[in-house]
Amino acid sequence: MTTDVEKFGTRNWGMIADLDKCTGCQACVLACQAENNIPINTQDRVERARSISWIRVERYWEGDFPDTKARFIPIMCQHCENAPCEPVCPVYASYHNSEGLNVQVYNRCVGTRYCANACPYIVRFFNYWDPVWPESLRNHLNPDVTIRSRGIMEKCSFCIQRINRTSRKAKSEGRELEDGEIQTACSAACGTHGIVFGDLNDPESRVSKLKNHKRAFTLLEQFGTDPNVIYLAKIDPNKKGSEEGHH
Amino acid sequence: MQQKRNLTQEYTNKVLLNGTLETPKWWAPTVAGLGFVVLIGVIIIATMVNRGLGLTGLSRPVYWGLFITTFVFWVGISHAGIMISAILRLTQAEWRRPVTRAAELLTVCSLFTALVFPLIHAGRPWRIAYWILPYDISRGIYPNIRSPLIMDPVAISTYLTGSTLFLYIALLPDLGVLRDRTTGWKNAFYTLLALGWKGNPRQWQMQTIGGILLSALMLPIFVSVHSIVSWDFAVASAVEGWHSTIFAPYFVIGAVHSGVSAVVTMMALMRWMWKWDDFIRPEHFDALARLLIVVATGWLACTFLELTFALYGQDAPEIALREMQIFQWPWNLLFIIFFVTGYLIPVPIWCVKKYRNNIAIMFWTSILVNVGMWLERFLIIVPGLARRTPFVFTWEAYRPSPVEWAIMIWSFAWVSLLMLLFSRFFPLVPLFEQKESQVFTDDIQIGRAKVPAIVREVE
Amino acid sequence: MVNLPKKENHDSHHTLPPENVESSVIVEDLIATTNGASKSFKIIAIGLGIMSVLGIIALVLKWINYSDDSTRWGYVAALVSFLLSITGGAPMVAMGPVMAKANWVRPLTRLAAIFSFAGVSTIIVLIPLLFLLPPLVVDGTRRRSIWFEAPNYSPHIWGIIGMVLLLITGIALFYSAALPDFAVMRENSTGWRQKLGKKLARGWVGTDSQWRTLRMRIGMFGTFYFFVMVMVNFLYTTDFAQGVVPGYRDAIYTLYHTVSSWQGGVAALVIALWIVRRNMKLEKYIHLDAFWSLGRLLFALTLLWIYLFYSSFIVFWYGRSENDKATLDLLVRGPMIWAFLAGATFIWLVPWWILIWNRVRKSINGMAIGSCVIIIGLLLDRIRLFVSAWSVPQEFIHQKWLKQIPGTIYPDIFDVIIALGSISLSILMIMLMTKIIPVLSIWQIQEFNLLSKPIKFIKGHATLIAKPD
């Protein structure tokens, strides 16, 4: 166990989401739902604003009328370096691991929901009921992912099960992890390759290179959260100069 | 002010023990009624713990709702006891005497009730002990002391312990009186509790010193409890309506406002129910109302500062939140009720001396204050979460469910029941304080007028 | 343990309550304090006068040299806050307990009210700041302020109106409570004081209706003074500190400033009382009780300082948004850390450990020392808040939060002379007032004698105090 920590200690997982490539197709949402055993968002759950989707594609408006344009942005847990959800948890269910991930330990969680209030991105979800799946989907559940019982919080884990699986594989083959070898469910599903996952500590990785792109920005930077999810702004061919795509 | 009233000690004993040594007629039916409400409440709570928080109206992003509002409300009410007993004791306000016991009792009962809410409000209440008591030490994980939710139980349990001691120390002389007037198992019960109280000078000295020391020690705790509760909200920089530096004093002074008002309500009830007209006098209501005018105005100033500095930043989300909180349906209705009942009706009424001395008016205005103060907490907690945030397309998604309302009603019935049960065994007006005030009040002849006077001992 | 023989010293356990003084003696004693001036009084007054003139010259010179650079004016802003705190806070202290019908406050109501007059120096030092304060619309964009829709000149005009109103209300409060004493001067003084008394007593003879009006006026002006004082604190702290720092938003600041100004006011009052008691030989009237009660008040206010400071600090510190971090970097951890540490030590830590002892609170000299420490702490605390705020260049004013923390600013020679001069002017005003009217309120002391009666109570001594409606 400790050797793993030592080995992974140098990593800092991050994600780049290129808004210029986002078509709003929601494939990432679907992939995430299947990968992470997220319960079906039935109509009544959506109506009562209790739906769970670790990644969601939000639509936002840009420009003033009549030149308004609908844009899409995928929002998932930003895995903040300075996460507001972490210090408020009384039981360390929400904490920062040595690989730069903001992890949620389901076993510890007692369900105070304080972390969710503290999160400016509203990407943490509470299980108001026990999760249920139709009989036909029972056998489709991912065995690598814990099913969350009622009364606890959950959120995007950057597909930690995939990170672990791939790292173990590389280790057993006696080699270093390659950049791009680990794919989260959403990055694998993105038809336009708009989501890139990788190690921000590796200067040669694609995420590190894209991080310094002139279109790069983070969401809600005024909260000082220092997210590990970095967005690349939408390119507007009709607009000159300003490339700031966010609000 | 304090009129010198010549009440003999026998009379004082007889009247003030009328709920303890004999059972008033209304007592059993009232207790049965409240007990029934409490029982239903307990069943509902058990059902909710069994089936899950889905039974509430909570959603995303409104993760906290009626339970936390009611929790803050009861913690606020608990500020009555120390305000009356400790602060007025240290400032030597004579008129506090008949009120102290009831105020302390209210503190203990409301704190005890307040503690229930964070427990049942958690997703997995059965694991809560892990959070409050680090019993799970085998994992090597201590609770996260950076979390305000750790400071909460620490502060509240300290306050509860201190208040209980405070109540008990002040009970000792009266327990001695009861022991000497009962037989059988009751006598044994009071003998045990009275700790051998004989009323010799040394015991009186110890009792007085204990009271004063506890007063001084409880004051910082009194201030810290509601400050810490307020920081549950204020430290969350992501929630626009919460992240304000004024919150700690704002909550504390609001708590005193609602707590002292609740004491006024109780005093009126005590006067009516036990017929203690000779002990709970209009001048006590008058003094409390004057205190309340000052407290309420200070609280209003804090409200003003809170709103001003929310808008001062001129950030769009903050302004949008305030617009929702104050102008949008249904929040605007709640806001108007909150403001009118919390300040606009009661305070001008209290400014008139005639009304201050009218017990029925004081009773109803004090209830209005607590309606307003409950709404104040609701309007701070819920709109802050129900606001529209930049990247979420759900907002204002909260409507308290019947389960939540029922549990809130349960809490009121539960506090009333606890106090009624207490009143059957212990006098609600401290006998010894009452007798002491007889000694400490006198008249002074100035010219031709006879003016009520008090005795101040020289150190 | 060896049982030492106990000294039979019963009386030392019970200090006898102070004896009541004859009404005519009170008048004689107190009127005597206004007459004539000792040599040292004259020398000190002339020295303070010279310092005041120098201070005003330094203020003018500073304006000539640096009127284009607002970052150099932080110490002047801090000085205004300091003077506002003390001259505005002290009268408040006398007024509050009066309304709560406390008796210990009687010997110090007059002295506290006289502090209002020193508010003149606050206004003088404020004048240059009014011109340096940026307008509400800078470069075509509205800056953050509490004046959401108000005209462009609002902060300046309301700032000065508030200060002048505070001065006028303070003087009105002083005058409304001084009528009976002017009447005493009319009857008992000689020369110009008698004429002044005659003129200002406005036909006071002490009828029932006159007393009723007097009490009503004190209550009215007292309440009004309280509101004006809080409002001036609100205006000054928001417009002259928060307003000039981008993103600085601290809702508790007004409360913090007001409460610490009471703290400074009480401390200054204790020192003034100490000097008056010694130099005017008024031991007969200024009893230990006044110091002791002021000590408890001062201790409570000292604890409130840390409470209010921490309430604001924890919210910023825990909040950790960019704005919160910048605010703490500017005010606490950054260039002014020396002022913060020294200020907190002197305004809170040291007085806390001094005043926590009842023995200190019950000693006249101990209280004076504790108060001096608090005054120093107050000055340092104001320097921390205002120098750091004004050190932010005005170009930054539209930033969402302060992205660049400016360096430490040290006082120049003008700042030192302005400070000494304005404080001298304040002291001078108070000193001169003591020669115009008795420094203790004659009627308050006479009334207390009427209402209190030393009695024997059980085994000890006690005072019977009447509580009329």
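As written, the chain order gives the labels A, B and C, with residue 1 at the start of each chain.
Convention: contacts are C-beta pairs under 8 Å (C-beta built on N, C-alpha and C of every residue); 3 or more make two chains touch, one makes a residue touch a chain.
Just so you know, these numbers come straight off a predicted model, no measurement behind them.
Novice: Looking at which chains touch which, would you call it a line, ring, star, complete or other?
Specialist: Topology of touching chains reads as complete, every chain touching all others.
Novice: Closest chain to the overall C-alpha centroid, by per-chain C-alpha centroid: which is it?
Specialist: B
Novice: Taking contacts as defined above, which has more of them, B-C or A-C?
Specialist: B-C
Novice: What is the distance in Å between the mean C-alpha positions of subunit A and subunit B?
Specialist: So the centre of subunit A lies 44 Å away from the centre of subunit B.
Novice: Using mean C-alpha positions as chain centres, tell me how far subunit B is from subunit C in Å, no decimals.
Specialist: 35
Novice: Give, as an integer number of Å, the spacing between the C-alpha centres of subunit C and subunit A.
Specialist: Inter-chain centre distance comes to 56 Å.
Novice: If a residue has to touch 2 or more other chains to count, which residues of subunit C qualify?
Specialist: Where subunit C meets two or more other chains at a single residue, that happens at 318, 320-321, 324.
Novice: Do you know which subunit B residues sit against two or more other chains?
Specialist: Only 235-237 qualify.
Novice: What positions in subunit A touch 2 or more of the other chains?
Specialist: Each of 84, 87, 223 in subunit A touches at least two other chains.
Novice: Would you pull the subunit C residues touching subunit B in the complex into a rising list?
Specialist: 14-17, 144-146, 148, 230, 234, 238, 242, 247, 249-255, 303, 307-308, 311-312, 314-316, 318-321, 324, 450-451, 453, 455, 457, 460-469
Novice: Where on subunit B does subunit A make contact in their complex?
Specialist: Checking each residue of subunit B against subunit A gives 52-54, 56, 58-64, 118, 121-125, 127-128, 130-131, 141, 143-144, 146-150, 232, 235-239, 385, 389-394, 397.
Novice: If you look only at subunit B, which of its residues touch subunit C in the complex?
Specialist: 1-2, 220, 223, 227, 231, 234-237, 243-249, 301-302, 305-306, 308-314, 442, 444, 446, 451-459
Novice: Provide the residue numbers of subunit C that touch subunit A in the complex, in ascending order.
Specialist: 318, 320-325, 400-401
Novice: Spell out the residues on subunit A that touch subunit C in their complex, using ranges where they run on.
Specialist: 82, 84, 87, 221-224
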